[in-house]
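Some structures to go through are shown next.
Note that chain A is present in both complexes that follow, paired respectively with chain B and with chain C.
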Partner chain A sequence: MIDTAIVIGIIRILFVCIIITAAYIISTRNLLSVVSVYALQSLTLVAIAISLFSLEGSIVLLEIALVTFFSKVIIIPYFIATIQEKIRIKRDIEFHYLNPTSSLLLSMVLMLVIYMALSKIVPETPAHNSLFLFGAVLGISLMLMGMMVTFSRKRAITKVLGFLSMENGVLLFGMFVTELPFIIEFLIIIDLIILVILTAVLSVGIDSTLEDYHKRLHQFHLLKDSEEN
Partner chain B sequence: MNLDFFIYLVINTLVVVTISPLFVSLTKKVKAKTQGRQGPPIFQTYFILIKLLKKEVIYSPNSSRIMRVTPFVTMAALLVAALFVPLVYLPEPQGGIGNIILFLYLIALARFFMALAGLDAGSSFGGMGSSREMSISAIIEPTTIIVFAALAFVFKTLNIFDMFASTAANGLLETPTLILIAISLFIIIIVETSRIPVDNPETHLELTMIHEGMILEQSGRNLALLELSAAVKMTILMALLINLIVPFGLTTTLTLAGILIALVAFVVKGSILAGLIGLFESSMAKKRFFQLPSLFAMAFFFSTLIIIMAVFS
Partner chain C sequence: MILISFVLVSVVSLVLIAVTRNHRHMNTVCIMQALIFAALAVYLALTQHVPVFSFLVGSQYFFIDHFGLFEVLIATVIFTCAATYARGYVEGLLESGELEKGSLKLFYAAWTLLLLLIVFAFFSDNFALFWIFAELTTVISAMLIAILAARENIDAAFKYIFIASISMLFAFVGFIFLFEISRVSLGTGTLNWTVLMQYADRFPTGMLIASFVLVFIGFAAKSGIFPFHTWLPEAHAKAPSAVSAILSGVLLNVGIYGIIRMYAIVHQTIAFTTLAPMITVFGLLTVGISAISMLPQKNLKKLVAFSSVENMGIMLVGLAISTPVALFWVLFQIVAHSLTKASMFFSAGILHRQYRNRFSSDAPDDIRDIFRLQPFAAWIIILSGLAIIGMPPFPLFFSEFFIMLQLGAASLWVLGIMLLLLFIASVGLGYFVLTTFTQMSEPDTGSDIEPYLTPASMKVPIIFLIGLLLIIGIFLPSHGMEYLNQIVMELKF
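Let's look at the complex of A and B:
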């Protein structure tokens, strides 16, 4: 077994990596790199799960690491990268309500609020040391930051990425505070894969905003047949 | 003041002044290579400085005393600031030297005089440069203060010497939050030294120049001093980043061998960082002026996060 202090140090470094990737996803305008950063974020989660396994020895963590690695590091980014090749769109510069700068500032406030809220709740649960508290805070913040990406971007493909990074937050929270049953974790991942496959199917219109998606379908004569029948 | 500290003052100033043009040239060289050009030789900045020192100084007839004192005030402020950041040898701190608040004010003083000199010559380019510089510094200054506040929170001290002593004693990466601080400090280096997403150091195009606009009316040895002071500023900010993140080599005892090793280590680490800055510059396009806050927001975000983490855990 590896020394506990070293493992905790590694987990802290991985936390920092997650913060960096989250900030990048929320603020970048370059679509091509968002997918690879998402894959990197998932890989960091895998590493966290493995380090936690060496700390706690619970076999579920290892299974989660394995499933996450295959689904979120390989399959989903691969699908999204394929979609991106098709739609030939490189940058996302349209935003609803919030531009990247203000969403960064807002997510800072969110983290502060979550920290204050959780520091009152968490000490009464089994997960009471500062590492687990911070993991929980980071999990919920990642969830909310993903949500912010989902509603502040206009492009459908970034909305999907926001949703995916939201799920990463759920996973992180699950690893540190409550133990999600493995079956639920697995179902969530199947959900995600179906979502991404749907996105791939709909990729004709994915380079448009959701508002003119319908118009785009008409333009490519995809809706005509079904309307006539 | 004891003898050790006096020797520190001499060594640090000498090292800063001799090394800083090298880093500037290295950055230029890396940028040239990535653009597929040969680039100037790495000692080019030294040659330019020597050439400028031999040339005569010409003042605009509209200029006042400000124009004449600015190069000296800027250089003096930055050389004093350089004393606050030990490059190779780390003595016990004495007096106010090493205080980060004073450090920030010294850098601000240099910038203030630079902006005044830009206005002083009466050329419209200089005025525009000063105006832009001041707008940018109004946005970056709060971020800089927050970053340094985060440093103070993490190390629980206001003195740069104590911070370095703490990192040097612990070796690599005292706390993981230092990674976040490194990103913030890197952004500050880019902004403070007028590098590409903010300003282009190579152009004299009226639409974009900021730093070049302010020193457009300077000539001869005054220009040499201003160029050198820009290089010194870059070096001390780089040294701050290097000695916080990868402090190995920094010596705390005054021996010739130790200082030589520290010097070599610093030059190697500094060259790597200068290369990284060059790569970063080549990979970015210059940002539109009003999009700059998004760059600072990143630094602001990370350093505020550090403060939150330091306060709550």
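Let's look at the complex of A and C:
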């Protein structure tokens, strides 16, 4: 087996990767790369799950890694990339309330606050190990950073990506705080897929003009031409 | 077996909707589905010993207890009425081109699925299952809002999805906390409500408070509680009226139901003494914000939507009092609010058909000559308006009166603020009715408007609902009261 210290070291490096991807999603104006960075973030999550598995040996983590890989590294990014091609928007330069710099500063503050808050609550649980505390803090931070993306972006498709990144945070938090049964993790992914499909289809409508919308719905075979009753 | 029969009925309905191309057939299928669901729920309530144990029910995933069944009964009644109403209403939408024929199948399929998901949500014993069903109801109902494919509808649907889903993720984190709490206290982690209820007194209060607050954020957004209510007026105002009735009468209950279930667990520990003031504050703010927003409101559907927000606030304050009597009347308020609000949205829909050209969902209503053109809808709005502000003999009078009595026993100051806010809300509603319903067009110009002939299918559900409200309000059926008592006992208040 691999040495525990090395695994812990790897997980710490992966934590840094997660922070970098989250910061990138918050600050970039290039829409196309957001999707690939999201896929990368999910892949990092898969790697964390596998490393945790080698540490704890719980089979659930392996299952989570597998499902995450297929759903969030392959299917969802592929689907969103297809939609992006349809709406032909490459850049998202409009921001509400927060511009990228202030969101980055805010997320740093948030991380500190969450760290202080969680380190007060968590000692009541067995997860007092510093690695697990960091995982939990990072999970919540990722979630709040995703939320900032959803609130500060105007394009629906970027909002969806913010939401997805939030959900990655929840998954991370769940992995480090407790051992959730696999079925729960699976349910949340089903929800995610349905939500992504619906919002993506709708964002075709919102991110383009209304006249185009109907044409495009026809392209997606969502509206069938049926003239008779 | 009972759960399977719910699924089977829905699958058959979906297949029938997929096969047919006729609007009336699809609609009939939906009415039948809701009726069969209602019959099943009534059968369960009357003949079976609740909590029911049968295949899958009573396992760790599903259960049927008094509270769940109560919510299902309300949901099926509202759905039956709304489906009947949709027969005439959707026909109108098709004629005016607001709804495309091609979207019809999607509309009714989503409708059928929504009812099934709601029933399953109320029958889930496991919080994670309840969470996923609640989340799916958000997605499906957002689809029903966006079905009109107008840009403002898609906007409203988006706002709804994002605010509700993001908050629901917080609720999920809350459930992770709860799972960890139970794992530490009981040895094995569980999200099973009955088990959690049984051992709730062992849970550490600090973690439980954190868990409750997170879960509260999620379900507060689902039920339109301040500060997460911002999606509600737009979504409810822009949805087709048949859908608005469901959103307001059934889907808001899903959120409140989640909060009550979670609060029942917290109530077993001393954590509730910390949380009750917090809930009271949120409840008061909700009532306050909605009351103030109602005053200048010129759009009928938005006004009715804000009144839903207000009622959710009242329920929250009632829950925070945490006495059995208060909880009893909160449950009573849930029924009364659902029935009243459905009838209000139905009549608002009739006005929407009448004045649709000048009646964009954003613009102020240009209602003129209402008593000449739509006397029926006008009188129903006045009647149900009286019902919603809590006038006797309508049932909301009793629930609000007794909740206020309980509140007065807890704190006179809060009672004073609450009464003032309720008064402002009533003034808002009354002012709207007085100003818009008395507008007359000039004698020589007004004659070009043809009265919209309301189909009987749109009138019957409204009359039924008002009749039901009067029966409940005047007779206060003792069986129903006994039933509500059992819910209070089950929730261990």
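In this text, the second predicted complex is superposed on the first by the 204 of 229 C-alpha atoms of A that agree within 3 Å, B and C clash if a C-alpha of one lies under 4 Å from a C-alpha of the other, contacts with A are read in each partner's own complex, and residues count from 1 in each chain.
Quick note on the criterion: contacts are C-beta pairs under 8 Å (C-beta built on N, C-alpha and C of every residue); 3 or more make two chains touch, one makes a residue touch a chain.
Quantities reported herein were computed from a predicted structural model and do not represent experimental measurements.
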item: First (chain B), second (chain C), both or neither touched by A:108; value: first
item: Greater residue coverage of chain A in the superposed arrangement, chain B or chain C; value: C
item: Partner chain(s) touched by A:119 [first = chain B, second = chain C, both, neither]; value: first
item: Contacts of A:182 with chain B and chain C, given as first, second, both or neither; value: neither
item: Partner chain in contact with A:150 - chain B first, chain C second, else both or neither; value: second
item: Chain B versus chain C as contact partner of A:130, first or second or both or neither; value: first
item: Which superposed partner A:12 touches (first chain B, second chain C, both, neither); value: first
item: Chain B-touching residues of chain A, taken from the complex the two chains share; value: 9, 12-13, 15-17, 19-20, 23, 27, 99-101, 104-105, 107-108, 111-112, 115, 119, 130, 133-134
item: Complex contacts: residues of chain C adjacent to chain A; value: 21-23, 100-103, 105-106, 128-129, 131-132, 135-136, 139, 142-143, 146, 149-151, 154-155, 157-158, 161-162, 165-166, 169, 172-173, 176-177, 179-180, 183-184, 189, 191, 204, 206-207, 210
item: Interface residues, chain B side, partner chain A - complex; value: 173, 175-177, 179-180, 183, 293-294, 297-298, 300-302, 304-305, 308-309, 312-313
item: Chain C-facing residues of chain A, complex; value: 121, 124-127, 140, 143, 147, 150, 156, 159, 163, 166-167, 170, 173-174, 177-181, 183-184, 187-188, 190-191, 194-195, 198-199, 202-203, 205-206, 210, 213-214, 217, 222-229
